[in-house]
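The structures considered in this document are given below.
In what comes next, chain A is part of two complexes: it sits with chain B in the first one and with chain C in the second one.
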Partner chain A sequence: MLAISVMNGLVIGVIYALAALGVSLVVGIMNVINFAHGELYILAGYFSFLFASTLGMPFAPAMGLAVALVFLFGLLIERLLIRPTYGNDMYSLILTFILSIVLQNAFLLIFGPYPNKPPLWVRGASEIFGLFSYGNQRLAALVSGAALIALVFLVLQKTWFGRIIRATSQDRAMAEWNGVNTTRLNMLSFGLGCALAAAAGVILSPVFPVTPTAGVPIALTAFVVVVLGGMGSMWGCVVGGLLLGLVENLGAAFISSGYKNVFGFLILILVLLVRPSGLFGRAKL
Partner chain B sequence: MTTSVKWIWPAVLVGMCLLPLGVGIYPQHVLIVSLFYVMMAASWNLLAGYTGQVSFGHAAMAGIGAYTSGILAAKAGLNPWIGIAAGTLFAALLGLGLGALCLKMGGIYLSLTTLAFSQILHIIIVNEYEVTRGTMGLQVPGLIPEYSKLAYYYILLAATVLVLFILYRMIHSNLGLNFRAVQNDETAARAVGVRVLHLRVLAFTAASAMAGFAGGLYGHYLLLVTPEIPSLDLQFYVLAMTVIGGMGSFVGPILGAFAINILAEKIRDYGEYHVLVFGLVALATARFAPEGLIGVWRSLRRRPAR
Partner chain C sequence: MKRHGKGMAIGLVLALAFCSAAWAQDTIKIGVVGPRTGPAAATGAAFDEGIKLAVEYVNGKGGVLGKKLEVAFEDTAGAPDKAASGFERLVTRDKVVMVLGESHSSSALAQIEVANRMKIPFIVVEAWADEITAKNYRYVFRAGPSNSGVVNQTIAQWVKAENFKRAFVVAENTDWGIGIGKLTENALAKAGIPYESMITERNSQDHYVELTKIKAFKPDVVLAYIYGVGLHYFVAQAGETGVSPQAVVLDGAGPPSLWPDYWKNVGDYGDLECFVSSMHEKVELTPLAKLFREAYTKKFGKAPTDYKSRSIFDGILIAADAINRAKATDAEKLVEALEKTNLETTRGTAKFGLTPGGPDYHQWMPPMLVIQWQNKQQVVLYPPQAATGKLKR
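Take a look at the complex of A and B:
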């Protein structure tokens, strides 16, 4: 029981971390929270379902295509909705909230309220350290999620593009004086943030099927992770995501499964009370 | 302009009193629901329009009012009017707590925390079905011994006038001046001695109390309190009404609430498209006419004079 809960916590924790990285990237650079983050996660799930199950594509290109489309959609959202609100954070909150409701209702109209599930990548189960058997699909989700997070960190730490992102999130004006085209960077990082939500969506949707409103708890948890880790902190996302995944699953197993999502909220309140800047946050945003 | 303002409010009030007479039960119901939305949108506007705080927990506060009063009346047999007062107070206390907790960290934190709060409330209501009857809904007694749409209409009208009066006095006082100062330039306001944090928490507490009050009345009108009241859909409605009507103007949300609630009933005849339609309209309004219909009207009036 304990071992399985820990395992489940790690799988979902990696996905939380991935989704939170997307939120954190956008907050760090643009100081904008995208309340439609969860709906983009769901959109990618629907796309990969559409390409793989309905059109019969193999799962890998279907997933790649789904993430690419959501990336383009993210660029479009930034250009059409977010860019005119620069300097007025309130309107970006309102606009993305409305967008999330619009997308939920569009999903409901197009796909119906039923859960949709893209095909599994792998079948069967494996023995873990001889302790318990665990679904191969979940293991694959864990490994691919962790690999993607590693890739994000590699890009951020080792490439020129990563250096631009880190510079801009540390000091926007200074980055501009050094020649960074911050308008272009905003658009690109917003798209990438959406793509990270999409990646989380395509990885997890074979395990947890997508419904029009299933993105809400995922996005909410990602937001809590971002606050817990510290707004704009990338390491905070990874540590916070894993922590929240573990707390939720252990809480569900040993306290109450109906209140799984409440534990995240309790953590949020605790963080705001004790250390509002989060685990790895800068004191002032 | 100033001379016409003097008689326009009494005239509107007389008109509102005469409006439900001679129409059927169903239009009366639509009007009552509209009054609930007027209270919700006008008090949400105090936050978003006047103090620059985007709360996603306003519907949740209405739910707090409705469930507090409903549970007290249905389980403890308390008089619904006392229940509504208790619900209003409870919503105010929660608003005070949430506001004090996250407002010192800035606007984004309030949005995140209120969104989380509304989700958690939803989960608690669904899980504690022994107390709340979950998604089935809690049957609650009415406010008056004999059910009559007309009587409920006048009760909600009186409540709406009360809420709007308090809001009007708040906005057109020194307090309102401080609200505007904070929204225009927080640093400058702080520099001339405005206590920004106190002001924000005060506005959030007052708006939460109003939402709790409106929710309590609404629950006792419907006679059934369901998780539909503290839902994100209702929150979206309130937000869309305010944004489309005109955020930051006193009249905008009132007109927006009436217009959208009545239009929603019309669109509903063609299927469940109304949320999608209003979402797209609200998206376009927030993007292209951030001051809403009132703002469009004002700029049209101003243009010929220039």
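Take a look at the complex of A and C:
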């Protein structure tokens, strides 16, 4: 029981972290909370389903195309909805909230109420060290999710673009004085945040089918992870996501599965009582 | 010219007002509540289909009290607060004479309070919690399954008939899930069948840990009371973790196993899964059931799958029949007429219980079937007189 709980906690934790990274990136750079984050995850899942299942594309290009389209959609949202609200965080909050409702209803209208999922990359299940049986698609999601998180950190730490992001996150004015076009960076960061939500969506939709309203709990969990890890902290997202995944699964295994979500909120309250700014505070990117 | 224009505008407004008033007088409105959004939005789609067919059927037979029957729908999203306010909106804004529908027990439990307070007859069609009718509210009826009816008449009998040795009960943490789970435990205890049980989070997508606990118990049947997409996750993950096919999984809610994307979501793990349903193409209890199937296939170009389309169809027929017999839309007369209902529907003859003191008051329990997917074909297992095949493991 312990082994599968830990394994499952890690898988779910990586998924949580991936979904939260996009939120954290946008909060860190723009100080904007994107309430439609979960719906962008769902949108990518639907695109992936549409391209792979309906149009018959191989799953990898279908996923890539889905992420690219959501990235472009993110750029459009930033240009049309977020940019005019700079200076007033409340407006962007309300606008993205409205966007989430509009998207939910659009999904319902276009795709209907039934769950949809793209084809599995791998079928069946594997015995893990002879201890338990585990779905191959979940294992694939774990590997690809971890690889994607590693790639995000690599880009942030080792590339010129990453350096600009970190600089702007630390001191926007100073970055501007050094020639960073922060307006364009905002747009790219928002698009990238949406693309991260989309990446989580395409990786997970073969495991957890998408429905019009399934984005709500995803966004909620992502926000919990971001607050748990510390607003704007990318490392906080990873640690927060893994912690949440492990606590939920161990709690369900050894206390009660009916209160799975309560354990997540309990750990959040406990952490915030000890460290009000989250595990990694206002850590630098 | 200007004066002429003004006069014409006033005339047009008056004509429109007159037309809409005349139109309003030509129809009698009833309300339907159900989830068009949320995790069980598919039920709303099934309700929509059933409503279309029922309205055509009733109006084709002369309508109600010589007027056309009209249906106003309120989305409840599976949320009790929305359900209660939606019910109230139907009464105050749409002026409906009766309300029917709902498929979430938590929502229905909120709605019956509104029905009782506003004195509006309410026929619940697919919310199963016993408390809905056990409260013995004068204005509340149920023309559909109840938890105790489904467990005691169908599921527990099937478990005994198949001679299962060890059962595991998994119930979602809702009024319906907790209620039906408890009733199942009582029935299993009474039958002397060893069992264990657990409550699962309604919106959970991940059941691996729970399934590992289930596997350790080594049951030969898992009675899963999980409604909505969650059932798809459960069935697929039961296969991945090796719980099935060692144990037979029964979907105690039914429709999720019949939704169009069931097979896409659960893959091969969906085969040999069992579910409860009140509908099967080879088991038509009345001529009206055959008529419904034909009308449905003609209108929607596919065979009916989600039996809730037929449940709401029956509900509307019962409502229309009561209005016609009451010869009025007055709530008290409608309640009296509903109490005297004796109407052939697609699921048998509807007749409400009149003995107060328990959940059978104002309750009509239609017969339910246990069906198994065998090579993607539905095989009826229970009751024996309706069986089209035997359980495969």
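Here is the rule we use: the second predicted complex is superposed on the first by the 279 of 285 C-alpha atoms of A that agree within 3 Å, B and C clash if a C-alpha of one lies under 4 Å from a C-alpha of the other, contacts with A are read in each partner's own complex, and residues count from 1 in each chain.
In this text, a contact is a pair of C-beta atoms (placed from the backbone, for glycine too) under 8 Å apart; a residue touches a chain by one contact, two chains touch by 3 or more.
All figures in this text were calculated on a predicted structure; none of them were measured in a lab.
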Original post:
Given the superposition on chain A, are chain B and chain C in a clash or a fit?
Top reply: clash
Original post:
Which of the two partners, first being chain B and second being chain C, lies in contact with A:Ile203: first, second, both, or neither?
Top reply: neither
**OP:** In the overlay, answer first, second, both or neither for which of chain B and chain C A:Gly258 touches.
**Re:** both
**OP:** Pick one for A:Leu273: touches chain B only (first), chain C only (second), both, or neither.
**Re:** first
Subject >> Contacts of A:Leu142 with chain B and chain C, given as first, second, both or neither >> reply: neither
**OP:** Using the touch definition from the top, say if A:Ala106 reaches chain B (first), chain C (second), both or neither.
**Re:** first
Original post:
Between chain B (first) and chain C (second), which, if any, makes contact with A:Lys117: first, second, both or neither?
Top reply: second
Subject >> Which of chain B and chain C A:Ile94 touches, first, second, both or neither >> reply: first
Subject >> First (chain B), second (chain C), both or neither touched by A:Thr211 >> reply: second
Original post:
Taking 186-194, 204-212, 222-230 or 276-284 from chain B, which overlaps chain C after aligning chain A?
Top reply: 222-230
Original post:
Which residues of chain A are in contact with chain B in one complex and with chain C in the other?
Top reply: 105, 217, 256, 258-259, 261
Original post:
Which residues, counting only chain B, touch chain A once they are in their complex?
Top reply: 48, 52, 54, 56, 101-102, 104-109, 111-113, 115-117, 119-120, 123-124, 126-127, 232-233, 236, 239-240, 243, 273, 275-276, 279-280, 282-283, 286-287, 290
Original post:
Which part of chain A faces chain B closely enough to touch in the complex?
Top reply: 27, 31, 33, 35, 80-81, 84, 89-91, 93-95, 97-99, 101-102, 105-106, 109, 216-217, 220, 223-224, 227, 231, 256, 258-259, 261-262, 264-265, 268-269, 272-273, 276, 285
Subject >> Residue ranges of chain A touching chain C (in the complex, touch as defined) >> reply: 1, 4-5, 8, 12, 53, 104-105, 108, 112-117, 120, 123-125, 132-135, 138, 208-209, 211-214, 217, 249, 252-253, 256-261
Original post:
How about chain C: which of its residues touch chain A in the complex?
Top reply: 36-39, 41-42, 44-45, 173, 198-201, 203-206, 208-210, 212-213, 216, 229, 232-233, 237, 239-242, 259-261, 264-265, 267
